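Reading through the structure tokens given below for one structure.
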Amino acid sequence: MNWITLSSTEKSQYFIDEYLSIRARSTALCSNLAIEDFVVQPMADVSPPKWHLAHTTWFFEEVILAKYVSDYSRFHQQYRYLFNSYYKSAGRHWKQSQRGELSRPTVDDVFRYRRHVDNLMVNYLSTTIVDDEIFSLLEVGLHHEQQHQELLLMDIKFILGGNPIDSIYSKKQLNASSLVNPSWQSFSEGIYEVGALESTFAYDNEKPRHNHYVYSFAMSDCTVTNGDYLAFIEDGAYDHAAWWLSMGWDWVCDNQVAHPLYWRKIDNKWYEFTLHGLNLIDINAPVTHISYFEADAYANWKGARLPTEQEMEVYLTSGDDRFFDKPRCYRPENEGADFFHPTKSDAQFGQVWCWSKSHYSGYPRYRPYQGMLTEYNGKFMCSQFVLRGGCVATPTSHYRHSYRNFYAPHQRWMFSGIRLAKDI
Amino acid sequence: MNWITLSSTEKSQYFIDEYLSIRARSTALCSNLAIEDFVVQPMADVSPPKWHLAHTTWFFEEVILAKYVSDYSRFHQQYRYLFNSYYKSAGRHWKQSQRGELSRPTVDDVFRYRRHVDNLMVNYLSTTIVDDEIFSLLEVGLHHEQQHQELLLMDIKFILGGNPIDSIYSKKQLNASSLVNPSWQSFSEGIYEVGALESTFAYDNEKPRHNHYVYSFAMSDCTVTNGDYLAFIEDGAYDHAAWWLSMGWDWVCDNQVAHPLYWRKIDNKWYEFTLHGLNLIDINAPVTHISYFEADAYANWKGARLPTEQEMEVYLTSGDDRFFDKPRCYRPENEGADFFHPTKSDAQFGQVWCWSKSHYSGYPRYRPYQGMLTEYNGKFMCSQFVLRGGCVATPTSHYRHSYRNFYAPHQRWMFSGIRLAKDI
Amino acid sequence: MNWITLSSTEKSQYFIDEYLSIRARSTALCSNLAIEDFVVQPMADVSPPKWHLAHTTWFFEEVILAKYVSDYSRFHQQYRYLFNSYYKSAGRHWKQSQRGELSRPTVDDVFRYRRHVDNLMVNYLSTTIVDDEIFSLLEVGLHHEQQHQELLLMDIKFILGGNPIDSIYSKKQLNASSLVNPSWQSFSEGIYEVGALESTFAYDNEKPRHNHYVYSFAMSDCTVTNGDYLAFIEDGAYDHAAWWLSMGWDWVCDNQVAHPLYWRKIDNKWYEFTLHGLNLIDINAPVTHISYFEADAYANWKGARLPTEQEMEVYLTSGDDRFFDKPRCYRPENEGADFFHPTKSDAQFGQVWCWSKSHYSGYPRYRPYQGMLTEYNGKFMCSQFVLRGGCVATPTSHYRHSYRNFYAPHQRWMFSGIRLAKDI
Amino acid sequence: MNWITLSSTEKSQYFIDEYLSIRARSTALCSNLAIEDFVVQPMADVSPPKWHLAHTTWFFEEVILAKYVSDYSRFHQQYRYLFNSYYKSAGRHWKQSQRGELSRPTVDDVFRYRRHVDNLMVNYLSTTIVDDEIFSLLEVGLHHEQQHQELLLMDIKFILGGNPIDSIYSKKQLNASSLVNPSWQSFSEGIYEVGALESTFAYDNEKPRHNHYVYSFAMSDCTVTNGDYLAFIEDGAYDHAAWWLSMGWDWVCDNQVAHPLYWRKIDNKWYEFTLHGLNLIDINAPVTHISYFEADAYANWKGARLPTEQEMEVYLTSGDDRFFDKPRCYRPENEGADFFHPTKSDAQFGQVWCWSKSHYSGYPRYRPYQGMLTEYNGKFMCSQFVLRGGCVATPTSHYRHSYRNFYAPHQRWMFSGIRLAKDI
């Protein structure tokens, strides 16, 4: 939504509406949780759900209220410290790997904190003439909250999935996927423009839009399925160094990795833990919760390769004409709502984040945000890989084809998957 | 209580009463907790309170119900695995350091589990003619539950004490301690009998009662106070290797230890976190939450030494005549109830566990329990030190002069303190 | 040297000469070492010098002799295992971090191994009609040996430099550097060709030559000096998170980094350990032994940035015309020989490897070597950064402008330095 | 040797002779080593042989020369730092686990250091009237050197034994052991005196001689053999938690321990690496290189127990009458010389150090050495176990029945073994 051309009153109303609906979705995502589920942190990368709910609130408090409301007094002095994730310019922060050690503030306290800040935010937006620059910060804050909605789903899945006591997040039953026949979409050599336009909302790391020289390539119009990946496993995936990066092979050996994160072999059958419970793996559904190491090894085994992030963007933005007769994005809401597991391997995007072979770096002439938000993206441009295309946990209004998600090559608790490319 | 001479009916009634009252105290100790407090595990040694409540229940289920009730069907198959602490003969167990990763079962589930097992236990005791051997297992189970009541208080303290948000477990206000003047109690050389009599209840590790040759020694009739320890700190305690064991000095350096566990320096004043909140340190109260390394270093600095565990037992059992005019044990209940912080350095016992210089080993002719309980004590007889005398968190009916508590030399989240001895 | 057009006899002679002279230089580099210096491994990245001498020999034994000499019998069965670096297809290998645990084979044994293989190699080349394909493998083997000559110098420096007993590798005395005034060299936007031509020798990772879209930029014609870097330190380099990558700041804190690897502060003066002994830092010489984290932080502090590897290659290959009146590469041999420390910050290359901001990835349409050498480069394309330009330890005939050196962002025992770029 | 009654001149001569002969043996033990063998440290507990040779020299330099020779100038300022093992009162010391990172000083340098200090020591003893107190320090220094002679053999064995290239320290061939039939020696209950007499040389930790109450027990007159231990392995030793201490079982699992340290299974046969090369295990020879965990588990499996250190001393000092007709101690020199592997399981002592079940603590009224040597023994009295009886690597004149060797329960690179006891 390009709000810049709205009147001042319309802008306020637009942002109040957006703010309330996005904030409401965060708590709605947690409505099925037991209080205990809000608290634990079974690995360092995961945050307790109550921490997400508090941190996104802290973001509005620090970036908007504390800066622009005169004489603002914080809800709780220690929250500034406890719910700062990693912004060094915002002062000390509690250590990320120790978020699960804190029983207090309670979940109730955190909800009280949310309501408090929400009231103040709405009041601020209703009663103040707000600069566009502040609206821009607010817009980042809303996207930030949406990012954490995806993280909430990832973290809830990890919390429930690692517990020997089975539990189900969503009672909706998954439908079986249908068999699809992938074909290769070809793209010709030349200079392509990639990146977000200056005039649209996008994070700093998606800009500036720029030229990139791309060689001719083909991209699969399907993501790799559980069945495809199972064939790789049965051919000795995790037993042969030859397909793996050096660091990847070390990761396999050190962690005795033998299957995707949520797969479990019970009585000689493969099951997969999903937010809809433990199911037999669906052979036609996209494989997901795959590390970069696994994605790269799979591509090597298959005699193909992972695409670059530019190739992915070219592919994603090419859809309008060419995929006319099938929906490009099978988002959960297409099927109703509350589906949090990928089932359509022929979707162009919106099912699983696809690993690119591109390390995460600044685009040519990249300019980070200024102020506190300068730490938002730029400082992580080291030893991570870009993923593209969105997933079932990504809020639809948060998704963009220019979106650059990024993770370390061993991480796999996000809904990551594989789309193959090849040189032509 | 020596129940062995009671009639069969009296025995049943005695154990039903004991069972219900001891079980009730465990839940009562948790009555002030938020649900979130039941879940976290801020260090590997600490267990989430809900784990304690479930594990003590598991103990009765495995040791009594599953063994002696025909066709017994467990409350939940996974609980057998999740709430086994370390009994290898009872099957696999969840890893100790990962107890805090589990949000499920919920606190409600655990309370349901307790009520379920309690009903079955009372039913079993009411309706069955029970062998003395089984009563003996039950008696161990009740003492086991009481041990965990002390652990609950230790763990709750650690959970609340490490959180930057201040909280108070008990609203009772602590009284200031009074100044005491320690004197030395002398004991002459000779053979002493130590250990529990065969005929009384005691753990296997307290038996058999046996002769031990003791050289003449003197024992302080006061434990070391915060004021005493502060003088040590101010004399450079943590800066001089000379007073420390080699492993102790490494521990100081590696962990940058500079004060007892719960002390905090704020605006140049020393405070101490207690279960009654954060207070200025009480100069006359016993120093507590001290590692063996610190206790040993303090004794060296003072030109004294720690007592052996046999000397401690000789001292503790000597009290009847000589401390006639003052209570030997200032237990919390002496002051009413619900006091969980040591305040009387002149108490002979019952305030802080005092480190002995004795490693924890089996007594001459020690025979471990048979069956599953063989793992109760004997397998830990390695690289730990014995503490004697009980503390404010020890249930009074659980305490015995022959009691051998034991911890690794670096641990200090228990209510440990220092009583000095010297050669004479 | 393009040997492809030579006659069969000339090829053999050419390679025998190259082989003997390059092999001789490896041992010559070690001629000043004590036997003890050949053995130790003071950090996992460093290899004992005797290991380098044996491993490069193993390379010829495995890649040429064992493959192409009929009935070849290895010098020692265990050497196959001990001196395999990381080639999984060549069987098991001794763990890299434990190379310094092996006293045997002795240095004498290793020299014996070298002479044995050298004799067989020369004999093979003298008496056999060798395919060009095998000559190509041999050519890689010679470049491989030269790579290890640079590693030898790096590792010897680390071995001697971390020892509290001062020692000097080269008795040649370093001359003081002269002050230089950096200026910016500008390059205009457009498509540039980068990478090695198919017809010249280069590693697989430098090919294929390909188009790359480059935005206009300027490159400093001097590398950052010790004086420049000192100003950064004095402005609080290691105390301010704002200039650092997130992983970089963690690295600084975890390792308490406060200066370049070989700098030492003695009596309030900065010294630098060099292969020519411990000297006061030379304010005008290039700063070296700098991690990517430090290089990136310096550039941020300076308001500039690190160049991409393509910008570096454009810059390096631009020299012929534009730097007419000054030597582009002050290689040690320019000054005689045996100078192993950078002194000329105005050299275009050949003094310090300059960090690019490019992660190390395969070029478009990259094809790895086949066979055992497939593991030579490709499997390391993960979480490393490219450095360009060569250093004083690089053999001159080994250097190419297309050369892609790569290291992890925290590593700094190589002769790494900083050349700044900026957008224009 | 009680030198105290000698004349001043005799004392000097006695100590010069002792000094020269003991010092000479240290270097003689290293005469078969390659220079490379002097340098490496394949695990933190092991020290490079050159370090031992230098450290024992440092001991005389610091304890005698630097203290008692006026205007003494040290051989090399850095040696004071590099060759201090752990004496905090003697200043900083190089980190133990990093001794193998140092190529300098060279082996030649270290031998020069030894000769330098030896000359000064002999000169000092020849030309000065020396107090008995200093002779006593010297006596400790000589025993210290002998302790390191045993460590040298242990460390050389570990250095050679972990190398995939077979090597042999001693060319002497081991004779096969003969079958022995162990019997139990009984001892009656009562007070026993243990510890060294004040008037004889012994370390501070062996004193004072004191009363200890011992219950009746029996001791095996043979140590456990390889054959005995093999039966334990074949009965599932390393697969059943029930026999193990809790820490022991963790050690087995974490390190995947499956046999004694130097055993290797080749083509389904058990071999043992010895200082005399790799041999098939000798079924009748004492099992050695056994951790406390293994010794304790073996005893549990066998239905016996390990003896206390007091029981061991009672047993060891009981031999004079009862073992009249066979040598009590089959020391290497009994067979000639240069035998460094235990072969006689019926020797009362001198073959393998036998683990006692006693943690290492100070005796009643223990007084540590004063001065720098106060750190010699007392600061290690924590979490270690006492071993008694000496081994084939112990210099004969260094051995005493009151000797208290001590190691952590997981260590096993010393010549440790098992002698069983039982209650009677």
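Here the chain labels run A, B, C and D in written order, and each chain numbers its own residues starting at 1.
We take it that a contact is a pair of C-beta atoms (placed from the backbone, for glycine too) under 8 Å apart; a residue touches a chain by one contact, two chains touch by 3 or more.
Treat the numbers as computed from the prediction; the structure is a model and nothing was measured.
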| item | value |
| --- | --- |
| Number of steps on the shortest touching-chain route linking chain A and chain D | 2 |
| Winner on C-beta contact pairs when C-D is weighed against A-C | C-D |
| Distance-maximising chain from chain D - centres being C-alpha averages | A |
| Averaged-CA centre spacing for the pair chain D and chain C, given as whole angstrom | 47 |
| Distance between chain centroids, defined by C-alpha means - chain A, chain C (Å) | 38 |
| Shared-contact residues (touching 2 or more other chains) in chain C | none |
| Graph class of chain-chain contacts, one of line, ring, star, complete, other | ring |
| Chain A residues touching chain B - in the complex, by the definition given at the top | 34-42, 50, 76, 78, 81-82, 94, 98, 100-107, 159-160, 162-165, 167 |
| Partner chain D, residues of chain B touching it in the complex | 86, 88-89, 191, 210-213, 215, 241-242, 244-249, 292, 357-359, 361-362, 364-365, 374-375, 379-383, 409, 423 |
